[in-house]
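One chain, chain A, appears in both complexes that follow, with chain B as partner in the first and chain C in the second.
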Partner chain A sequence: MGQRTKDRGITYSPSGNGLLVIILGLPVLAGVAGTILPAFGYLPALGGLHPTTAHLAELAGQPHILRSVLVALAAGLITTFAALAIVGTFIAGFAGMPVFARVHHLVSPLLAVPHAAAAFALAFLIAPSGLLLRLISPELTGFTRPPDWLLPNDPFALSMIAGLVTKEVPFLFLVTLAALPQIPLRRAGQMTAALGYGRVSGFLISLWPTLYSQIRLPVFAVLVYSVSVVDVAMILGPQLPATLPVRIAHWAADHDLKMRFLASAGALLQLFVVFAAIGIWLALERIGKFGLTFMTLAGTRLRKDQLLRATSGLAMAGCAVIIFSGLGALFIWSVAGLWPFPKALPGAITAKIWLRVLPQITEPLLTTVGLALSASALALVIAVSLLHRDGRGGNGATYKLLYLPLIVPEISFVFGLQILAISIGFTPAFSSVLAVHLLFVLPYVLLSLSAPWRELDPRFERIAAGLGKSPLRVLLTIRLPLLFRACLTALTVGFSVSVSLYLPTVLVGAGRLSTVTTEAVALSAGGDRRVIGVYALVQAALPFLAFLVASLGPQLLFRSRRAMRM
Partner chain B sequence: MIRRARQFITAAILALALAGQAAALDVNDWNSVVAEAKGQTVYFNAWGGAENVNAYIRWAGNEMKARYGVTVVHVKLDDTAKAVATVVAEKSAGKDQDGAVDLVWINGENFAAMKREGLLFSPDWATKLPNWIYVDHETKPTVLSDFTTATEGLESPWGGAKLVFFHDSARTPSAKLPDSAADLLKWAEANPGRFSYPQPPDFTGSSFLKQVLTELIPDKSKLQKPVDEATFAADAAPLFTYLDKLTPLLWREGKAYPQNYPDMKQKFADGELDIIFAFNPAEASAAIANGELPDSVRSFVFSGGTLGNTHFVAIPYNASAKAGALLFANFLLSPEAQLHKQDPKIWGDPTVLSLAKLPAAERQAFEALDLGVATLGPDQLGPALDEPHPDWMTRIEAEWTRRYGAAN
Partner chain C sequence: MQAVDDPMPLMLADVTIGLAERTLLSVSATVMPGEVLTLMGPSGSGKSTLLAFAGGFLDPAFRVTGRILIGDRDLTDVPANERRAGILFQDPLLFPHLSVGGNIVFAIPQAVKGHRMRRQIAEQALEQVGLAGFFNRDPETLSGGQKARVALQRTLVSAPHYLLLDEPFSKLDAALRQQTRALVFSKAKAAGVPIILVTHDGADAEAAGGRVIEVGSEAET
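Showing the complex of A and B:
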């Protein structure tokens, strides 16, 4: 197939792919340049014309900067490790069992909940004046006023890690799920069971290496995201000092315009923090591989793994329970009148906030849906054509460029993009914001699609090609239907990424294009729990609907083909 | 390539044509401003963190549409610096026409920065607005001097602000309230963990620091000038001695702070804090009306005075709809719009107009306003202390972060 270079007028050449990647990758690189140059003092608008390292020195002189770096780094690594451990153990312990499908349906909608909303949900639960303590006060605790506890925002970032884990577990779970049909789950399970292995250890030694290599890039995306997260860290993370990304965000928004230089220097440092995190993770991979080899050679059967499996199951369900009850708390707040501590329920219920907010939310809502649908659909088409033309399935070196938006912290690269967008004459409009959304959405779509794409049994297509079908026909009639679920998953992931994008929408749209998210974050700066409740629920409802479609679609479409359903 | 060049040329011609049009804009010929504004869309960049303020801006926009055919779009910001950043990025890219920001809600450092970088529409247009005749620039010096930076007509006043404290009379008896910063420290000793301030560099939190500094610095005239680096340590020493004593008595022992005013208000409502403060005297009444605070909340000020300032609207140098922005700024300044704004059921933001200059009917309407149960009358607000030069805020914030920024 790869030898055929012409098909009905479509020219197949690797440079076509390269061009596409360059078109998409260049803005990212330019955005990075637009960020790095000011770090070394070049920003003509603010009179920065001569290269200097003064801003880097200023950064080094910032109080407690090392601690900000270390907390961000540690929290990111712990989050990634914990989320991966929970998902891995759960899949090892329960894949193919009835409970698996149930937890799947419980957890996958969580992906839709925007990070900020999930963080608020957790904060509403665990704060000293939060719902949990209200439920048991004053009866069990004797508190008539909230206790003076440092929670959330604890100095060890534990509440922040908890908030991140509850959001990253569903993401990793979903991408793993998309890769799962491509590994011989049942056969390997039967074989290791016959050899006397426990479920978890049997899975670990037989399937985990293959599975992990498929989800490796999503894992790195989680790592990079967790190390450089801003909104969750603002809500749940330590404050004195805050983590590095939060401090960069503050510098970038500082009233003193000269602080942009410091922010850029911080963004450069953030880049190195991300590299360090990746380096440490690579080392951890080595250690894990060594441990696995040791375990395999030692023949550890680990037959009594019930406790381990139960823990992972509980952790998975716990993520869902925390976020859903937190969303419940958000809902109660959205209809609450006066609600003093320690009352478990508000004294008065009112629809006032909803009635006031809903009429205003219609237009942002339409913009949000329009952007998310166009961006994810466009990204899917691009991803499919990239993968189709490039038989390697996303392993080529050029593809790495597309992952740049996931590896460069958003905060640093969008300011540069904004300058770029204006320089090439983009007027803030739907199309320019869509173009920027695409930069962020495409990597996620490609991430969730490339592994299943690569792993699809090539014999189906070989048979079709042998019967004389053209590559395009093979793609449309064989490959895409077989990958229908993976495509839907990718589309949904893209949709929710677009819905949750804040900085790119605000900066490139120059604030003229408001989405539910930009409105919600603007209001979250105002901290009104009632309004936050309304916006967070509306915002979460959007991807929820998308996920509903994605999970019901295959069921309906493949009613008569059991193996194609989940 | 050729097509690209042609696009450039077309764009250049268009820009020139527009530039010609912009040059023709004459603030002194108000009728021409009104005529040109018709059909324009004004992108008003303003903090969008409070629902009542957003509702007021929506009202004003609807009025503009009905009266002048001008569409007002409220670009809701979480920080005014974002609008400044937009203009900076546009200037950096050479986009001197058709900017994305037409009007921006601004004061203090953001204004000082935009003025310094030449990012504002000039020369003086604010005092040429027809409604300027009602503005009280005689007894409200902050209308002409925005945090000591001379406004020079580059921004038009929109509302007043004064630091006011709130307490819940059901929890904290009115008799025991502090009457000065020094008093507040004693109060905190008796009530540890029940006072805090938004974490600097939050605007409200930094204002608290400025209030304390203004009360404690021996020579207040120093605050009207930029910081003198040689004597800064000695000048600011009373403030930091004070904070060293106060910090362990704060909420969470100063290991965490409310993130902004609404966050602080929420903690007050939850019973975590007992005394809070805001820059809008009607804020407590508005919050009671919204069901956010119990109706036992009352306001108080220090008898020695609290900080007062003015907030403004300004037009960037590259705004697309300058005529529309001028017309909107003038409408915001009209007695009708100012009256609507001061109504605590709407927003409760104090007017910048002088009641004495108003026609009798409008004056009576202002006097008839019910300011709400928790709002102090204009005569009870006490003296207004001048805002220090913006320089002080920057330096104090940096010093605060150095000293208390790693409390964990």
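Showing the complex of A and C:
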């Protein structure tokens, strides 16, 4: 029988997945429970012993609460739809063409830019006194003073949607790229072209359903994230009323501990907002499917799709251009002396702000790097041991669990974790924040590592086993060195995720542990623009430095091994 | 080269390999030390699966009945790393992160102690196949034929109890193939262990000069 030929290194064992359930599932469930109970008044640590709906009533009585809910919901849905439409059309229109690779190189680095830094970059471009308006004023606009526009915090959340789209497009794009090799792109393209279909419609009809089913979970992750986002909403989103997640975050951080009950009620409401978003998205999927069936039956060729393709290409490139020129604007602000509107460039350059901010940024910076290094290193060790136990490189259905912390809105369970921590009298510390970071870092590290893990030629390990090496030795002397680059990449991805985490750090750190990210977002409400520039740049620079170090690693370590440097 | 202390015959006892409801192949044979048993058949006939079974890394999707023994020792339930099966694949698969010499040192049994001793054995092994002075080279800088020779020596220094050859010449060009084939068989036979070769090339079977079992003719229908 099959089991007879058991090889500990190679046979499948379910224990890896079981562990994953515990590592990721338990905290999420505990966090959700810790959110729901106080929402109904049960929180002994704060004197809540009797179930009550008073807190829910209090929530319902908050001014403009419905507007806060609807704006968050609509912004999340629009963001997800726009990002998916841009990525889908672009891949349909350009996959396999030279432009594709160029845009790929342009967009990939965006993934490493933390959400908050990207939001600041956009804010510094589009603000009434921002770089865009300065470039065309007063020649085109006639403005000699910044106009009185409500930007970037417009009440319709358009700037927030734009900021989110620029970050979700690269994420969805790279996720889709990973799924692309599994579909017969070239053959289907030739077949539909021969039948007279345009690239986009041919792709939609022949390949999109399969491709979409592969990226469905990440799409839901984007949806949940966009509906529940806090940091980007604080920087770009509407104010008075702010979106629901932002208001919850404020309540949760209130000095009056009684406000925790209201925050819990809000976090519970947020959970339902996310359910609603998912419900609406499922309905949209149905409509899309119906539309596609109709298109297929009607034989819609859409041969003249140049405009559509060009638009998607411009949107893709636009995301990169916006963020990178925004980061440029941040830099100019951080070194600007006097810079009156509408001058396109400051009159004088000065290092004054940097010199002033650097001493105060040092401690948050060390905390950020310390958290990110430990979280990503721990996550890598866990990921390697899970994949090693699993043996197959994590292709199983249970690996969908990875997305659990990404699909439950973070404010709904991280807040519960904070409540639980208060209840057991846990003092916020580096270690508790690290544990929460790990929860968000591990899925990305595992996702990043599992594909190269699967793709490594299994014969290397078979040869080594035939040479008498134990599974552990094969792991240490063959597999890990061969996957050195992939491990470094996974570490870097984990590092970037940790650096960009705002809400988990604020909630679990309870203000005692500040990172570059929490400081930068805190400054967004009325902080000095020059100081924000420094913080956002430092935040954005961290992942890039990590990627730089990671790409130099193999060059130095394997200087004399050609195959290892590729 | 290190000869095995006491070469033993390899026995495949009523080995039947099936996938889902289909039986792929059925073999019963004893291979004596220094003898080559060739399994000939097209791809998909299950001959590589038999090697996976013999090496101890069979995909659990396959159903296998029967036993594999070396001498009196039943290997069927023994993990791959305790079987001492020397394997040569189509590709040399030299470990790219190690030097040429490092690849060979890695293969020398742990019982051989002493850094200097192990290095000496590796250098001798390289010398025997005309690669003296290649110890510190990057495997990536070697030609196809040189890589094949290093892979052969890597397998042999590990003092395997039996050898499994999985179409080891199919990716070499014609001239090199003949040369490498002659070298592999002469050295493998000199090692005095049982050898199983799977191939779809009749010339391989001929050069091996042993029994030939044709497999997979039914599977094709």
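The criterion applied here is as follows: the second predicted complex is superposed on the first by the 377 of 566 C-alpha atoms of A that agree within 3 Å, B and C clash if a C-alpha of one lies under 4 Å from a C-alpha of the other, contacts with A are read in each partner's own complex, and residues count from 1 in each chain.
Everything below uses one rule, namely that a residue touches a chain if its C-beta (ideal position, glycine included) is under 8 Å from a C-beta of that chain, and two chains touch if they have at least 3 such contacts.
No experiment lies behind these values; they were computed from the predicted model shown.
J.: If we overlay the two complexes on their shared chain A, which of chain B and chain C does A:Gly553 touch? Say first, second, both or neither.
T.: neither
J.: Could you say whether A:Gly370 touches chain B, chain C, both of them, or neither, answering first, second, both or neither?
T.: Touch status of A:Gly370: no partner.
J.: Of chain B and chain C, which one contacts the greater number of residues in chain A?
T.: Per-residue touch count on chain A favours B.
J.: On the A-aligned overlay, A:Pro181 touches which partner chain: chain B = first, chain C = second, or both, or neither?
T.: neither
J.: State whether A:Val506 touches chain B only (first), chain C only (second), both chains, or neither.
T.: A:Val506: touches chain B, not chain C.
J.: Tell me which partner A:His250 touches in the superposition: chain B (first), chain C (second), both or neither.
T.: In the superposition, A:His250 touches chain B alone.
J.: Should A:Asp528 be classified as contacting the first partner (chain B), the second (chain C), both, or neither?
T.: The first partner, chain B, only.
J.: Which partner does A:Asp457 reach: the first (chain B), the second (chain C), both, or neither?
T.: So A:Asp457 only meets chain C here.
J.: Check whether A:Ala465 is in contact with chain B, with chain C, with both or with neither, and answer first, second, both or neither.
T.: A:Ala465 contacts chain C only, not chain B.
J.: Quick check on the superposed pair: does A:Ile478 touch chain B, chain C, both, or neither? Answer first, second, both or neither.
T.: second
J.: Please give the residue numbers of chain A that touch chain B in the complex, ascending.
T.: Those residues of chain A that touch chain B are 43-46, 63-64, 67, 128-129, 145-146, 148-150, 153, 155, 234, 238-241, 250, 252-257, 260, 336-341, 348, 350, 352-353, 356-357, 360, 415, 418-419, 422-423, 425, 427-428, 506-507, 510-512, 514, 518-519, 521-531.
J.: For the complex, which residues does chain B have touching chain A?
T.: Interface residues on chain B, with respect to chain A: 7, 11, 43, 45, 47-51, 54-55, 58, 73, 75-86, 88-95, 98, 100-101, 108-110, 113, 117, 193, 199, 201, 251-253, 255-257, 259-260, 262-263, 265-267, 269-272, 291-294, 394, 401-402, 404-408.
J.: Sort out for me which residues of chain C touch chain A in the complex.
T.: Those residues of chain C that touch chain A are 53, 55-58, 60-65, 76-77, 79-87, 89, 91, 93, 95-97, 99, 106-107, 109-110, 138-141, 154-155, 158, 160, 164.
J.: Can you name the residues of chain A that touch chain C in the complex?
T.: Going through chain A, the ones touching chain C are 1-12, 457-460, 462-471, 474, 477-478, 481-482, 484, 558, 560-564.
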